[in-house]
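There are structures below to look over.
Next come two complexes, and both contain chain A; in the first it sits with chain B, in the second with chain C.
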Partner chain A sequence: MSKYMVNLKINNVPLAVEEGTTILEAAKTLNFKIPTLCNHPDLTVAGNCRVCVVEVKGARLLSASCATPVSEGMEVFTNSEKVRTSRKHIVELLLSEHNSDCTKCKKNGNCELQSLALEYRVGDHTFLSVLKPKDLLPDLSSPSIVRDNSKCIRCQRCVRTCTELQGVNALCVAYKGDHQTISTFMNKPMNEVVCTNCGQCINRCPTGALTEKNSVDFVWDALYNQNKFVVVQTAPAVRIALGEELGYDPGERVTGKMVAALRKIGFNKVLDTDFTADLTILEEGFELLNRLKSVLVDQDETVKLPMMTSCSPGWIKFIEHIYPEMLGNLSTCKSPQQMFGALAKTYYAEKVNVKAQDMIVVSIMPCTAKKFECDRPEMRDSGFKDVDFVLTTRELALMIKQAGIDFRSLEPEAYDSILGESTGAGVIFGATGGVMEAALRTAYEVVTGREVPFTNLEIKPVRGMEGVKEASIKIKNVKPEFAHLEGVELNVAVAHGLSNARKVMDDVRDGKTNYHFIEVMGCPGGCLGGGGQPIPTSEEIRKKRAEAIYDEDHNMKLRKSHENPEVTALYEEFLGVPNGHKSHDLLHTHYKARIRY
Partner chain B sequence: MSTTEVLISELVELHGRTRNSLMPILQGVVQQEKYLSEDAMITVARELNISAADVFGTASFYTFLDTIPRGKNVVRVCKTISCHMKNKEAIIRALEDTLKIKVGETTHDKQFTLLTANCLGWCHKGPVMLVNDEVYPEVTPETAVEILNKYGRSK
Partner chain C sequence: METKKLKKVDIIFENEQGLSMAVLEKTLKRNPDDIILDLIDSGLKGRGGAGFPTGLKWKFTKNEENPVKYVICNADEGEPGTFKDREIIERVPEKIFTGIAICGYVIGAKEGYIYIRGEYNFLLKNLNVKLQEFNEKLKKLHFDFKIYLRSGSGAYVCGEESALFESMEGFRGEPRNKPPYPTVAGYNSKPTAINNVETLVYTTMICHMGPEKFKALGTTDSRGSKVFSVSGDTPIPGIYELELGMPLHDFVEDFGDGDTKAVQIGGASGFCVTRKKFNDTIIGFEGIPTGGSMMIFNSSRSMYNVLHDYLEFFCEESCGQCTPCRIGCQQLLKGIEAVKRGERPPSYLEDLKKLTATMKIAAKCGLGQSVGNPFNSIVDNFREEIIY
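Now for the complex of A and B:
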């Protein structure tokens, strides 16, 4: 259906755009930049900050361009005197309520408010400061998220993020007028409420009001301590996004340079979470096969299907709060980060002849929820805290800058061995649908002895940015030990972003689905869109990162988790078999119901 | 089930479970309990399948949906301009002296809470005082205190 076209002029340039386009979007097609604060490409229109005002000929008032659709014959001016004066005043008014200590602010240098203030040369105090001293105390209660209301401009992007994208609604707009504030339930500390620590609000906050809990200094301290053996693991989605913080375009793969930089920073060993991603596939794949057998053959009613993935700690906390009755559906597998930690301080410590108590495990993650995860009391199966510190992709970039490393000039280097080998299946964990694809590559082959019936092992139906994806694979000509699966149509679903997870969960709860296996990632796009990734984010950026992940997979020699030789050796030398005793002690966990507010 | 939970399940029965029922349910709770306790907000959130923060955000927007405990009788004196010019200050002072509390506080025996309110729409008959849902126009310091007696003030 062709849409009705509307003719208008912006800054005297004529153009025609589809009906329903906003002035902001129309101006963008002509490359006229209009500043915005409350607007975000991932969110619905709010129209509350007013910095995007433009002059429309004949209109008495200025219009918020993000919230005003074009109309026939409209004449818009994006940079008239009236517009510029108003915008400057708007920014000055925002600053009159703002704790503008940029030099001490974590968003210094990547802050939308700061750039606007710079652009408009806001300097003198046109308006008196009305900042209330009581707002100056940040909420430091959460291991992942720091909330500093003195930096908040009440654009409500965080509230919309948490509601629209994440379906959590941990944050709300409370009170009104000059008392209006962004709040949790009864203004409780973040660590007491339903917040999943996903960090999506951080990624969309235009100011320093929401940031991650910074652990960089702890890691430097560990590195400077001569008595500690400090190993680092890097998650799949870091290598395809780190570049953005260091001047590269979205979608550039910087794996080898990142490894080189970590060595220069001083880590004793640079290892890969992709290795434990491969291991997760074996543990989780066999868990699925066991569950299928228990349900289909033994008709054991205590065993739950569909099984749901458990590598995303934001998703885990979400289900603990909101669907506690369905915890039995979660795979008991720990996340790759935590499997890594548990193995590093047992199997690996022995291999490198270091005492577990002298080892510090640092993770570089695209994720803020991983900071919460490593603090969970369940995550001490090595007898110590399995993972000591988690840094986000952004924090790693900061360390690289602090270390004075010229990232561009680095020669790519390879991961250390062991716990550094990985396959393409491990890499794609970083994109939505990746765990599913990796699991199917392995499970199908275990059951039938043949590769999954998809060209180049690329299981396209589970790839891409659609919120909920579904696929079915008919299992045929199975090996004798899997006779019970002959002819079974394996139904899987993939959801990313917790609002989408919610849709799937409601359908499963109401018995509307026939899924066997569901992958859920807490963040839109999967880990590549994680709350610890470079800012800004948008679907366009996430798609570029996803392409980079699949390129990385495509270029790997090994592309199936069960072919990872270091994983095979780990089973032979240490674990025995997938889902065996040792695995259960070290690599599996349990969950707890949490109250919902 | 606590009395609050019983009350809320009755209100949900009456008004339904959609987002639109939130306001009447909250008003119903406040009518009975004078304020929205944490438990009440959590229960409403669970019943409507929305977040407790959402309930709190909505409640905190409205002055008449209190989220802090209030006495059995909530006394509000209009503080807006017309009533101000008719000396609402004297009314407030008389009530404060009689109840031995300040605006915003509740008496020890939890019988009375004293608050101010924005314009109650009775400007032509100021100063105006509101006790629970009853409006009392053209009060004087003396009649204001007498009105309290109607609500069982122990002398």
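Now for the complex of A and C:
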């Protein structure tokens, strides 16, 4: 249905836009910039900061341009005297409530309030401070997220993120009037509430009220310690986003430069989480085949289908809190980060002749929940803490800057071997649908001996930014040992963002689906949209990152996990077979039900 | 200027046996459009304070094409100094129900709600009994309509219509962005006619006595009469139904204690009028409109304290979502304290007045927009009391 066009004027310039367009969007088409704070492209409109007010001719009140649709004959002024005075007042008011200790703030230089204050030159503080002393104590309880209410401007972007995108509701608005604040259930510390540590709130906080727990200094200490052998692993989604923090456009791949920078920073070995991503595919793929056999042939009722992926620690904590009765559906595979840690301090330590207690494993992750994951008591199968420190993409950029490295002039370098080789299947783990695609590439071939029947191995139905994606593959002409799968239509689903996960889980719980395998990523877009990725984020940016990931896959020589020669060697030399005894000791884990309040 | 002498009338509390049912039976046989025309003709404007023409509101809601619509009676009487709805609810609840039912009939709704403030919970027991009786009577009339009660939890801002919907839907009582207006998308995002308690009783009475009698009262801009809640320095505080359009002078003559220095018209969010201007001030939509609150202050009162109280009230009762209101209210309160203590020069009051201008046009809802009313009218008229 085509929409009506509405004619209006903005700053005396006539234009026609579709009915339902907001004044803010209309002004953008004419390149009139209207400042915003509470508005975010991923979230519903709030209209509460009032920074975007504009004057509409004939109206008694100013209109919040983010929340006001255009109407026929409307005449809008985005910079009239009333607008300017009000906007300045509003910025001054926000600053009077804000801990403007910018030099000590982690968001210094990437703060929307700071930019606005600079634009409006509000140096002379007109108003009295109404900052609450109790807000000056930040909540440091979470292993992933630091909440500093003294920096909060109550735009509620975090609350809407937690509710709308993630369906978690860890953050909420509490009290009213001068006591109104952003809080948690019963004002409990972040580590005691149902928070998945996904960090999506951090990505959307316009100020320094929400930031990641910073581990940079611990890593520097380890690097300076001559007795420690420090290895680093980099997640698939880091290489396609790190550039954004260092002046590149979204979607520019900086893999080789990143490896070079990590060497310059002083890591003893630069290794790749993509390697364990490939390993995950083998472990998880065989687990799926085993489960299918148990259900279809042995009719074992203790084995649960659909099987669900377990790579995303935000998703894991979510299901532990919200759907504890379905923990049996989760793959027992550890995430690639933790598989890496467990192997690094056993297999790899032996290979490089370093004692496990002298090895420090650092992960560079697009994720804040990984900080929580590496602290889980289950993640010590090597006999030590498998992964010692997790840095986000943002923290790595910070280290590169601190080290004084001119990133642009670096010559690309390759990962170290072993635990550095990977395939395209490992790379696409960084995008929603990637684990599914990688798993199907391998599982189909294992079962039939033929490549998965999609052009260029690209399984398009599971790619893209739609919240829940479904696909079916008919399995035909199988190898003799998989005769029980002949003619089976394998149904899979992919969800990203926990709100979408919730929809899928509800359907599964209510028996409305016939899925065999479900991939869930906690963050919108998958890891490439993770809570540790560069700020800002939007669907547009995430799409560019996804393109970069699929380009990276496209350009790899090896694109199927089971073809990774280092993985093959690992099984031959150390693990035996997928899902074997040693695998279970090191690469698999268990989960625990958590309370919902 | 057209003025009326102060005249007490008795429309709202007239409680003739069987009146409600008679009105209802008669009205439910009429064409809804004719009822709307009568209301428009009567000149009835909303009695909650904003003064939107009631007939138009019903017409807009009726014109919306939606199978589900609602009528809501706003009984969240939270404005300081207003207590007339409580009395109406206690004394003539049937007439409120009747107004709701008529509105439901006119706009095509099947459900009506009374949203009553949490502090009035002591009224609930009786009200519920009366309501059950009334719903039974509606059944007997074969009119498919039912009225329900909803209790608020004591937030002033929930009297703001869109915050009231949020509250009824189970969310935080925070005002919504407008448009859309309630007549298009109100409770549950359905077309909703939301009216004040008193307005609904007047609609019942206009249906009972015809628009002419109502129209005969009041002035061109302010037709009819209005229930006032009189409080403060008066020997006779209480509820009075008076014809609209009287000069404030007449009112003070009748209700003041002989030493009246100022009257706060319209509650904390209204205007303060000083003795000098009693003669020139008309109570009505052409002068100073009011939701009914008339607070009388004599010369023993400190207007600084009065303003301070109001501002404390707004600081606490702002929902807190929008910047101009949440922080603006705090700045006004802290500002007058600072001036009083000499920590800011008297000229700082000018800065604060400019801030109220921003709040008036940039705040999200009527709460933040109207804080400037008491602030400016008190600061302008009693500047010396604020400073010294």
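Here is the rule we use: the second predicted complex is superposed on the first by the 597 of 597 C-alpha atoms of A that agree within 3 Å, B and C clash if a C-alpha of one lies under 4 Å from a C-alpha of the other, contacts with A are read in each partner's own complex, and residues count from 1 in each chain.
In this section, a residue touches a chain if its C-beta (ideal position, glycine included) is under 8 Å from a C-beta of that chain, and two chains touch if they have at least 3 such contacts.
Being a predicted model, the structure only gives us computed values, none of them experimental.
Judged by the touch definition given at the top, the superposed model places A:V130 against chain C, while chain B stays out of reach. For chain A, the partner with contacts to more residues, out of chain B and chain C, is C. By the touch criterion stated above, A:N477 is placed in contact with neither chain B nor chain C. Using the contact criterion defined above for the overlaid structures, shared-chain residue A:T184 touches chain B, although it does not reach chain C.
By the document's definition of touching, of the two partners only chain B reaches A:V194; chain C does not. Residue contacts after overlaying the shared chain place A:Y175 against chain B and chain C alike. Chain A uses residues 173, 175-176 to touch chain B in one structure and chain C in the other.
The touching residues of chain A, when paired with chain B in their complex, are 163, 168-176, 183-186, 193-194, 595-597.
Residues 45-51, 53, 60-62, 64, 67-69, 82, 85-86, 89-90, 93-94, 96-97, 126-128, 130, 153-154, 156, 173, 175-180 of chain A are the ones touching chain C in the complex. Those residues of chain C that touch chain A in the complex are listed here as 155, 157, 172-174, 177, 179, 314-324, 326-331, 334-335, 338, 344, 351, 354-355, 357-358, 360-364, 369. Interface residues of chain B, counted against chain A in their complex, comprise 38, 41-42, 45-46, 50-57, 60-61, 67.
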